[in-house]
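Chain nomenclature is as follows: A, B and C, assigned in order of appearance, with residue numbering initiated at 1 for each chain independently.
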Amino acid sequence: MIEISNLTFRYREGSAPVVRDVSLTIPDGTFVGITGAAGSGKSTLTYAFNGIIPHCYPGDFYGSVVIDGLDTCTASLTDVSRLVGSVCQDIESQMVSSVVEDEILYGLENFGVPKDEIGRRVTEALDAMGIADLRHRSIAGLSGGQKQKVAVASVIALEPRVLVLDEPTAELDPASSVGVFELLRRYAREHGTTVIVVEQKIALLSEYADELLIVDGGTVVFRGAPAEVLAHSDELLEIGVNCPRATSLVNRLRRRGLFAGPAARNVDEAVAACKEVLA
Amino acid sequence: MSGGFLEYVPGDSFLHRMNPVAKLASAFLLVIACFATSSPALLALVLVVDAVLAVRCDMVAQTIGLAKAVCAFSLLLALIALLFTPAGDVLVALPWGYVGTGSIAAAVLIVVRLVACAVPLFLVFYVTKLTDMANAIVKVLHVPYKYAFAFTSTVRFIPVFMNDMAGIMEAQTARGVEFDGSLAKRIRLMVPLCVPLLVSSVRKTNSAAIAAEVRGFNLRTRESGYKDYPFAAFDVAAMAASAALVAAAVALGLLL
Amino acid sequence: MIEFKNVSASYAEELPVLRDVSFAVPDGDFVAFVGTNGAGKSTTMRLVNGLLKPTSGEVLIDGASTRDLKTSELAAKVGFLFQNPDRQICCETVREELLFGFKVLGRADAEAEARVDAMVERFGFDPDAEPFLLNRGTRQLLALASIIVLEPPVVVLDEPTTGLDFRECGKVMDAIAAMNARGTTVIMVCHDMEVVGDYARRVIAMTAGQVVADGPTFEVLRDRAVLERAHLLPPQVVGVSMRLGEELGVCAGTPVAAANTLDEMERALADAAGAGAARGEGAR
């Protein structure tokens, strides 16, 4: 379980706090999608989950973030990392190896996973990301989507309780983006892992997340199941967050009084809503 | 996949399979041998060894490219040697001395020596995974992991930065900057581009450091490595052969 | 006019990335290239402004082969916005960055200064700001502005909206649309199908280095076979419209099955529902 209480954070070089008085409780196994406009503080809030703030960026940190009883501010970043696996945005510079297998081994070796267990962990992580065939390939020769899967595999091999991903599909095409989210959701469900994804592509989050957090001005302004949050498409637009078009369509039908059901998260749900309207 | 500059090229030649430390040691011994001798015969022998290694690793094209680059670089040194090493029969008189047959020999020697010793070193980088090199150095030579990691990170970022620089130059070419021209002009045009390169380098190294830390970098010790790097018979043989070359070089030097 | 005649291209000794590609983009067109990563879209963009020369075939700009044009001539004809603005931005202030292109092309005169001032005004830039300290969206806008300030007849955009939020994306795309309205030819690579649907008039779909479809935006994006071959998802409203047309017999041939935008779809559904309700009342 993740408990954030009254978290406020100000970067040392900044004058205004980037995260303001955020309090949240996230139960185990939740798939959380975080989004917001540029400069809303969504990335900084995400850094609070994996201890990157306050450990890597100096600043004023008020309140607390407690993950499975561990206070991320007083614990060392290494200890936080035993619970929370992080996939950074710039995967190119995250890679430490030239070959896929070595990349997966890196964290396992560092955290002292017993040698007789390492083999199984590597295989399972590669399988979970569907890249068993890439095991001995050179990383430089992989596509963007494949590299992203390697980056995720190298972190899930550590079997973290919480997985934090910073814009994992920024460099990917739509087909590979869906592929990465599909694998993430399946892995998280099978292992009961909590997943925190910060992402610009709200259509993907609406489809895959159990819970959406919309950040504006350093605070969480909307929070809930995607269908609940997406019902507020007009307010979201005002803070620079655009809903998926399928959602906007159904919300317009709701406004016209043609449809009374919940907001649509994707094309399938919009089609169902339209069928109801046309029936 | 031809791979970029200093990027690992997969394969399973004996050089690929050798112990990383043995490879490095042998390469360094060859470097010492090259610098310890002025014997054309011995240098020729090293060049033959270079050629055999390149063929065995299937890296002939890259090796020739490297040899050309080293030649170009060493020409400057060779020119200095040519002009300032008055030796042998006088060919051209100069105000401060003369260019003689010996000067030509000295110049040629510099080029040959640099090429001969550069090839094994570069081949080692192409046929050894950096992680293996770092892990082996840590395990066998007991070098602290921090230093090994700093070293491998530097080497790993070379192709990344070169790629960045190529991208930046391409973007400027698209704006009409003509990079084709004299060296002086090219350098003048490239200097302002170091700013974007520096900015992206700082961002990259910063995020690499964070990424390593959240994957337990600080916990790593000599025992952490999953793989062991024992010496095999041919590792010892390769080092012995290289050492023999050094001995031969020194012996020849004493005899002549 | 940009013409590709049987163009194949490859990078140093590797397999061809582009195989026998032919198309023509007339002046003033707005074309989006779509397809998965590795389909050859970015390579096509680099061929358009001669950063890469074809290994066989010919790329013609207003009838002249890119092989025969000098870098500066190419740069004057075709502006290129790269996906990563940080590779392009190299000056110490916003103003200098906007002037840079004029300087390179030897046209830094009073008119250039005036155009730069107009651009600063239009985008609300701080002319003395240091570009690297701006946020990602503003840097992208600056990179775009420093290209369009030169008013090239053609602009090539490699994923101009990647990494931008909704508002920034709107700003960048509106600037591009305005430029197109004034006659500039726009050729872009874009993964965001909503952006493609909103702005492009023509779509060229690529897969494995070949063109698989080329036509008006919604004709291509409504072609199931093309979508499948190029691994594309249509814009969501188009997707809904297609599904309704396919799954509900009564919708086939009606505006519901032909709607491409939110407004069209909303109206079509409201009309159809209204008509259905009216019929229901009449029967009662």
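FYI, a residue touches a chain if its C-beta (ideal position, glycine included) is under 8 Å from a C-beta of that chain, and two chains touch if they have at least 3 such contacts.
Just so it is clear, the structure is predicted and the values come from calculations on it, not from any experiment.
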Path length in steps (a step moves to a chain that is touched) from subunit A to subunit B: 1
Between B-C and A-C, the pair with more C-beta contacts: A-C
Distance from the mean Cα position of subunit B to that of subunit A, given in whole angstrom: 42
CA centroid of subunit A to CA centroid of subunit C, Å: 29
Whole-Å gap separating subunit B and subunit C, where each centre is the average of the chain's CA atoms: 44
Where subunit B touches two or more other chains at once, by residue number: 1
Sequence positions of subunit C contacting 2 or more other chains: none
Complex contact set, residues of subunit C against subunit B: 12-14, 46, 49, 51, 70-72, 74-76, 78-80, 82, 84, 86-92, 100-101, 104-105, 132, 146-147
Residues on subunit B engaged by subunit A in the complex (per definition of touch): 1, 3-4, 7-8, 10, 129-132, 149, 152-153, 156-157, 159-160, 203-205, 207-208, 210-220, 224-226
Subunit C residues touching subunit A - in the complex, by the definition given at the top: 35-38, 135-137, 162-168, 191, 193-194, 231-233, 235-237, 239-240, 243-244, 247-248, 250-251, 256, 262, 265-266, 269-270, 272-273, 276
Touch list for subunit A against partner subunit C, complex: 36-39, 143-145, 167, 170-176, 200, 203, 237, 240-242, 244-246, 248-249, 252-253, 256, 258, 266-267, 270-271, 274-275, 277-278
Subunit B residues within the subunit C interface of the complex: 1-2, 164, 167-168, 170-178, 180, 192-193, 195-196, 199-200
